[in-house]
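Here is the structure we will look at, set down as structure tokens.
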Amino acid sequence: MDLDTGATAWVLISAALVLMMVPAVGLFYGGMVRKKNVISTMMLSFVALALGIVQWIIIGYSLAFGADVAGVIGWSLDYIGLSGVPIDGVTGGIPDILFICFQMMFACLALAILTSGIVGRVKMSSYIVLGLLWLTLVYAPLAHWAWGGGWAYSLGALDFAGGTVVHISSGFAALALAIVIGKRVGYGKQMFRPHNIPMTLIGGMFLVVGWFGFNAGSALAANQLAASAFLVTAASAATGALTWMALSWKSGKPNSLGFISGAIAGLVGITPAAGYVNVGGGLLIGIITAAVCYAALSWRIKAGLDESLDAWAVHGMGGFAGAILTGVFAVSAICGVGGLLEGNVMQFGIQILDAVIAVVYAFGMTFVIGWIINKTMGLRVTEDEEYIGMDLAQHGEQA
Amino acid sequence: MKMITAIIRPEKVDEVLNALEQNNIPGVTITEVLGRGEQGGVCLQYRAGKMQVKTLPKTKLEIVVPDKDVEMLIKVIREHARTGKKGDGRIFVLPVEAAAWVRTDEYITG
Amino acid sequence: MDLDTGATAWVLISAALVLMMVPAVGLFYGGMVRKKNVISTMMLSFVALALGIVQWIIIGYSLAFGADVAGVIGWSLDYIGLSGVPIDGVTGGIPDILFICFQMMFACLALAILTSGIVGRVKMSSYIVLGLLWLTLVYAPLAHWAWGGGWAYSLGALDFAGGTVVHISSGFAALALAIVIGKRVGYGKQMFRPHNIPMTLIGGMFLVVGWFGFNAGSALAANQLAASAFLVTAASAATGALTWMALSWKSGKPNSLGFISGAIAGLVGITPAAGYVNVGGGLLIGIITAAVCYAALSWRIKAGLDESLDAWAVHGMGGFAGAILTGVFAVSAICGVGGLLEGNVMQFGIQILDAVIAVVYAFGMTFVIGWIINKTMGLRVTEDEEYIGMDLAQHGEQA
Amino acid sequence: MDLDTGATAWVLISAALVLMMVPAVGLFYGGMVRKKNVISTMMLSFVALALGIVQWIIIGYSLAFGADVAGVIGWSLDYIGLSGVPIDGVTGGIPDILFICFQMMFACLALAILTSGIVGRVKMSSYIVLGLLWLTLVYAPLAHWAWGGGWAYSLGALDFAGGTVVHISSGFAALALAIVIGKRVGYGKQMFRPHNIPMTLIGGMFLVVGWFGFNAGSALAANQLAASAFLVTAASAATGALTWMALSWKSGKPNSLGFISGAIAGLVGITPAAGYVNVGGGLLIGIITAAVCYAALSWRIKAGLDESLDAWAVHGMGGFAGAILTGVFAVSAICGVGGLLEGNVMQFGIQILDAVIAVVYAFGMTFVIGWIINKTMGLRVTEDEEYIGMDLAQHGEQA
Amino acid sequence: MKMITAIIRPEKVDEVLNALEQNNIPGVTITEVLGRGEQGGVCLQYRAGKMQVKTLPKTKLEIVVPDKDVEMLIKVIREHARTGKKGDGRIFVLPVEAAAWVRTDEYITG
Amino acid sequence: MKMITAIIRPEKVDEVLNALEQNNIPGVTITEVLGRGEQGGVCLQYRAGKMQVKTLPKTKLEIVVPDKDVEMLIKVIREHARTGKKGDGRIFVLPVEAAAWVRTDEYITG
């Protein structure tokens, strides 16, 4: 297939939109922490962007999209440092290099989301090591399984834009790290009030906008499929937001953090499904995923777990729900594969299997990485530094 | 002189300031503070669940006046800052030994 | 016409840009209210986005773009819930579904703009009912008239990107609601200082950026017309900003709120004209519209009307001016229809007629809707809640 | 060549992205000044956008891209006010008008960057005069030399996206103006703490995002070259950020302002090279440019120069480094011209010559313009106004 | 009555507030301040290079109590705000002549 | 001891702080406040039209010193904070009965 300039234009801007999501995560998170940690929280996402780009160029792309090795990992020497990638290759209408760029941003985004579990206490140096290892040992294999020709791909597991690869992986990784690193000093005793909700809303707004590049860009074309993904993404975000707002209203007031959390839950839920379901599926996935994430978040708080900014509840559990719901609502008229509603129990089973394995691998492997770093360099700053605040202690800055 | 330190509800500040002016007390210094008292805090919503916060935004007014005005001042503040509900605030009267102007060399004591 | 992937790419990203404008309105407005109402003000726009998406999918699109019924409304059962919209339909080079998405964002944006008239005092529950009714009874008919085959369309009224549909409708609706709901407590007695002008400038910046999707995207193609719309939009925004700045300078200082208001006024003015005028027209429309809006805003303040954030003055009156100026400056070499300057009095008359009817309908119908809701559920929070601030009282949050 | 709708879509959105960068500079700068000057600092960039658009339409485009006059300037009467530009002309696949729009944003951006040297003390009226003169006498000739058929173009100097035209010009102009206008009152005696680092990070985030439109959009096509420019831009931003962070870590802590400065340094460095180097070149250019800019900034501080927000160190010196590094790393397989590494000493020499002349011209001419304005209208506000703060004194507003 | 004005480390505020409550002293007014003292400031990073800042964020607590509670109060604050390093802060005791409630007409002196 | 409470122009704070340090008075607590006095406010611009605002940003310095330093302190503040125009600010002198250190058990009265 020749170069399709329209598709190329769309994927170029989609890559820029997903890139924008990475610091937007920092903004979103930054508003929810205490004032003394806001710069540090933003920095974790900014650094994720830089690390992710370098790692992807040097080795990540090769591991994820190199020639398949036994279904579990990719490997192509040509791809190391992208040295052997021809400048003018085109696949499916878009330049190969563009596909590399687009995928690169996904890796960065996953790492940024994961920082939820360690904000306010992680040492910058350890975070850098952690990030590089995580991208290499957790993210790259998961990307390979789903999209690079790995076992999940062969099995026919559906993950349109990364519900499993990006959201399950980062959400459960955040949970694992939160357990390894332990609670913030004072957690559960003092109130940790979000210091700047408008900042979180602005960050959320850019996450929402960027998500259309994330999902509709994953069509890797500017066509009806991209348009359909756009529509169902909007539908799911809307019902997700309204559902969470309604739930928080029932037990109090319709608050804005709940609204934006619901929007993101809806977006996470529709991520794996965006190219496979119709608008009705989109509306329902938003509702269901928001309810699941709301319950998960409520449980997390009751359990006293300091997975501080709820990547697990929203991205992890939302991605899990989305993976399964994809197997429920997939419409064969759109993607050639039907879901449970069309009687395809098989696909439903595959989705569950894929999601469960991703959960286990992401959680387990991240736990191991975190544990080793903690035992060697130490993941955590001193208690004194935590008191003073990460901004001053780690960065010598004040917001 | 006395310094009247009044901690009142932020939403009542404009009204009190207007009333002070009408009573020929223009000078005042205003600080945004957080307060805790009998009011018992407010219930904030989080993404899911709530959190009870014990300190609330209040506004502190500091007004230095001659001794004779103290009574009137307290009356005016009470009148315009009162809602009758807990959290209306407190007024403290502190002695001031001297007051000086920066602009001029004026200096008054007592 | 076959799928044009370039056009599709451009309209996809334009839809995302217009989507971005909806929360950007919240930011823009949020900086101008008092601190105790900022989250609430932002939420009104965020909720507009969610409501608008759901309403549009379920019924709005059918009413606006369904088969014409007597020139006043659309209706196609197939379009209810978009159930009968084929996934791969293409019209004019872009997917039908994409056109639906693009138009969907316009409806959301109009609702967000309208909140100007009710910020700081509207009850969230009543706002939700109001929003759904307004989209259905005011926005959808206006969209149908102009673009869906209604009477204005048949008459040949020109509205390139929604000067009438989006701006007159929302601006005059804000005025009607401001009258129904009444002034904020203390309005006119106390100073209501904008609590965060940089926030308003940031919001304004994203409104400006998004507007290029709004206007140039309305070409529904990536071609010379889109480029021309881009150019005249930039021209009008620039002269609008400089004009307002000059006017505020004359009577004081060149302030930033005036500058950004002028930019938006210029953008509103060029909206109906973007595909019909040349760059000279763009420069002049910016100047004239900014002057009109400046006068309207000055009058509004003197009249003591609490149309709090001036959607009426800027969007309503700006849209009105723009509709008429389109009839003045339209260039037949660009769009086949000339304006008054080319001696086409007829078109000039049509533009006035169209604008006046839109004003009357939007104002009247919104007034009725607002009045009924006010008499039944009550539009307004209690005075106590207003004192405490909407953020705490309605949302349980603090900025 | 016929209209390429994909290329058109990409350049349309790229133009919007570059437009976004202009107020983003205001945000970026606004967070680094003292609180009393934040609105004023943002306004300088906003006004740059409006002035730049009007100037470009009226005369800038003609000077830059009109028929070449002796290699030093362009001139085409047809282009004055764009009156004779045909609405449907197409060159290289994109509408001529779109090229005008895209280039227009570059001029605006350069002016915004330059305000670094005068923030916190420049009179608004003088700034407007200065801006119009600078665009006309400095920016337009430089654009003509590099892209409009001027001497540098004829010589074969490489400047893909404006390293010389935008960054050297604005950076050295900022230095010249800082010298003419003098230090801010109290500079060197008091601490001028950045009042809102998160604001700077948000602005930086949008600069980074917009830069992909700036660099990859400069391919003026949606193809492999655009994709390659995207990739090397990301690479250079990433290594630039990490390099600066490492350098600041070595002498203290890895701070966020350093990180974002490094990202921008990397982006400046890759700007002239984006269409000529491969990913390895991109990674290295980021590292080298960040180091150069870091050294320049350190020197600037030690020298006690109040080039307040370091446009000189980051854009000026970064652009200078980038121009030369383009001559080092250019790969003939990508652009037909090799750099020093391929043994092409000639090209290396041309790059140095081009950069040096740009430095001399931008610095000298800006100095003259600034000096004349200072002697006539006065560039600077009164000391009293400076004490009170520009926001209140110049704009009657408070952040 | 006395007004106890304590300037302490922001990171110790929660602990002190809890301790005060447990000692039946709920009423307190809190202000974010900047302080300079023996602590000598902090070294902030700029884009390149550093800057020495002499004022640091501190939190001021103002607590009005009967004379008899002063000693205990100082003890409690010291206990919970002390780190032993420079910058722990100061406590000043100012006389208060009268205290009034806004909500009621209560007025006490001495 | 006395607590000197000086409300001055924000743009003069740095100068005053430097001067205090040179006079061996390092300890100071700084609060951002809003003030109203004879200065009469400032005229702010709105999108169109203006609004008169009566409260202006000021900075409050609180400095506790032995009685003997009061005079000198007032002189220093006046010298460095004065512009001669309305709005320069006020200085109040309040009695302080005791001062305690949080870091140590030091406690001084009088």
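When the chains are written out, they are named A, B, C, D, E and F in that same order, and each has its own residue count from 1.
Throughout what follows, contacts are C-beta pairs under 8 Å (C-beta built on N, C-alpha and C of every residue); 3 or more make two chains touch, one makes a residue touch a chain.
Bear in mind that the values here come from a model prediction, so they are computed numbers and not experimental data.
State which chains count as neighbours of chain D and simultaneously of chain F.
The common neighbours are C, E.
Touching both chain E and chain F, which chains are there?
Chains touching both chain E and chain F: B, D.
List the centre-to-centre spacing of chain B and chain C in whole Å, with centres computed as mean CA coordinates.
Chain centres of chain B and chain C, defined by C-alpha means, are spaced 43 Å apart.
Centre to centre, by mean C-alpha position, how many angstrom separate chain C and chain F?
About 49 Å, centre to centre.
Could you grab the centroid distance between chain B and chain E? Build each centroid from C-alpha atoms only and quote it in angstrom.
Here the centre of chain E sits 18 Å away from the centre of chain B.
Taking each chain's centre as the mean of its CA atoms, how far is chain A from chain D in angstrom?
34
Two or more other chains touching the same residue: where does that happen in chain A?
Those would be 4-7, 9-10, 13, 191, 193, 202, 222, 252-253, 255, 257, 395-398.
Any chance you could list the residues of chain B touching two or more other chains?
Expected reply: 31, 43-45, 50, 94-95.
Which chains are in touch, pair by pair?
Touching chain pairs, listed by label, come out as A-B, A-C, A-D, A-E, B-C, B-E, B-F, C-D, C-F, D-E, D-F, E-F.
Please give the residue numbers of chain B that touch chain F in the complex, ascending.
Those in contact with chain F are residues 1, 3, 17, 21, 26-31, 64, 94-103, 105, 107.
For a test of understanding, state which residues of chain E touch chain F in their complex under the given definition.
Per the stated touch rule, the residues are 2, 5-8, 31-38, 54-55, 58, 60, 70, 74, 77-78, 81-95.
Which positions of chain D touch chain A when the two form their complex?
By the definition above, chain D touches chain A via 4-7, 9-10, 13, 17, 193, 196-198, 201-202, 205, 208-209, 212-213, 216, 221-224, 226-228, 230-231, 234-235, 237-239, 241-242, 245, 252-257, 259-260, 263, 278-280, 283, 333-334.
Given the complex with chain A, which residues does chain C contribute to the contact?
Contact set of chain C toward chain A: 3-10, 12-13, 15-16, 19-20, 23-24, 26-27, 30, 38-39, 42-43, 46-47, 49-51, 53-54, 57, 81-83, 87-90, 94-95, 97-98, 100-101, 104, 124, 199, 202, 222, 394-399.
How about chain C: which of its residues touch chain B in the complex?
36, 186, 189-191, 387-389, 392, 395-398
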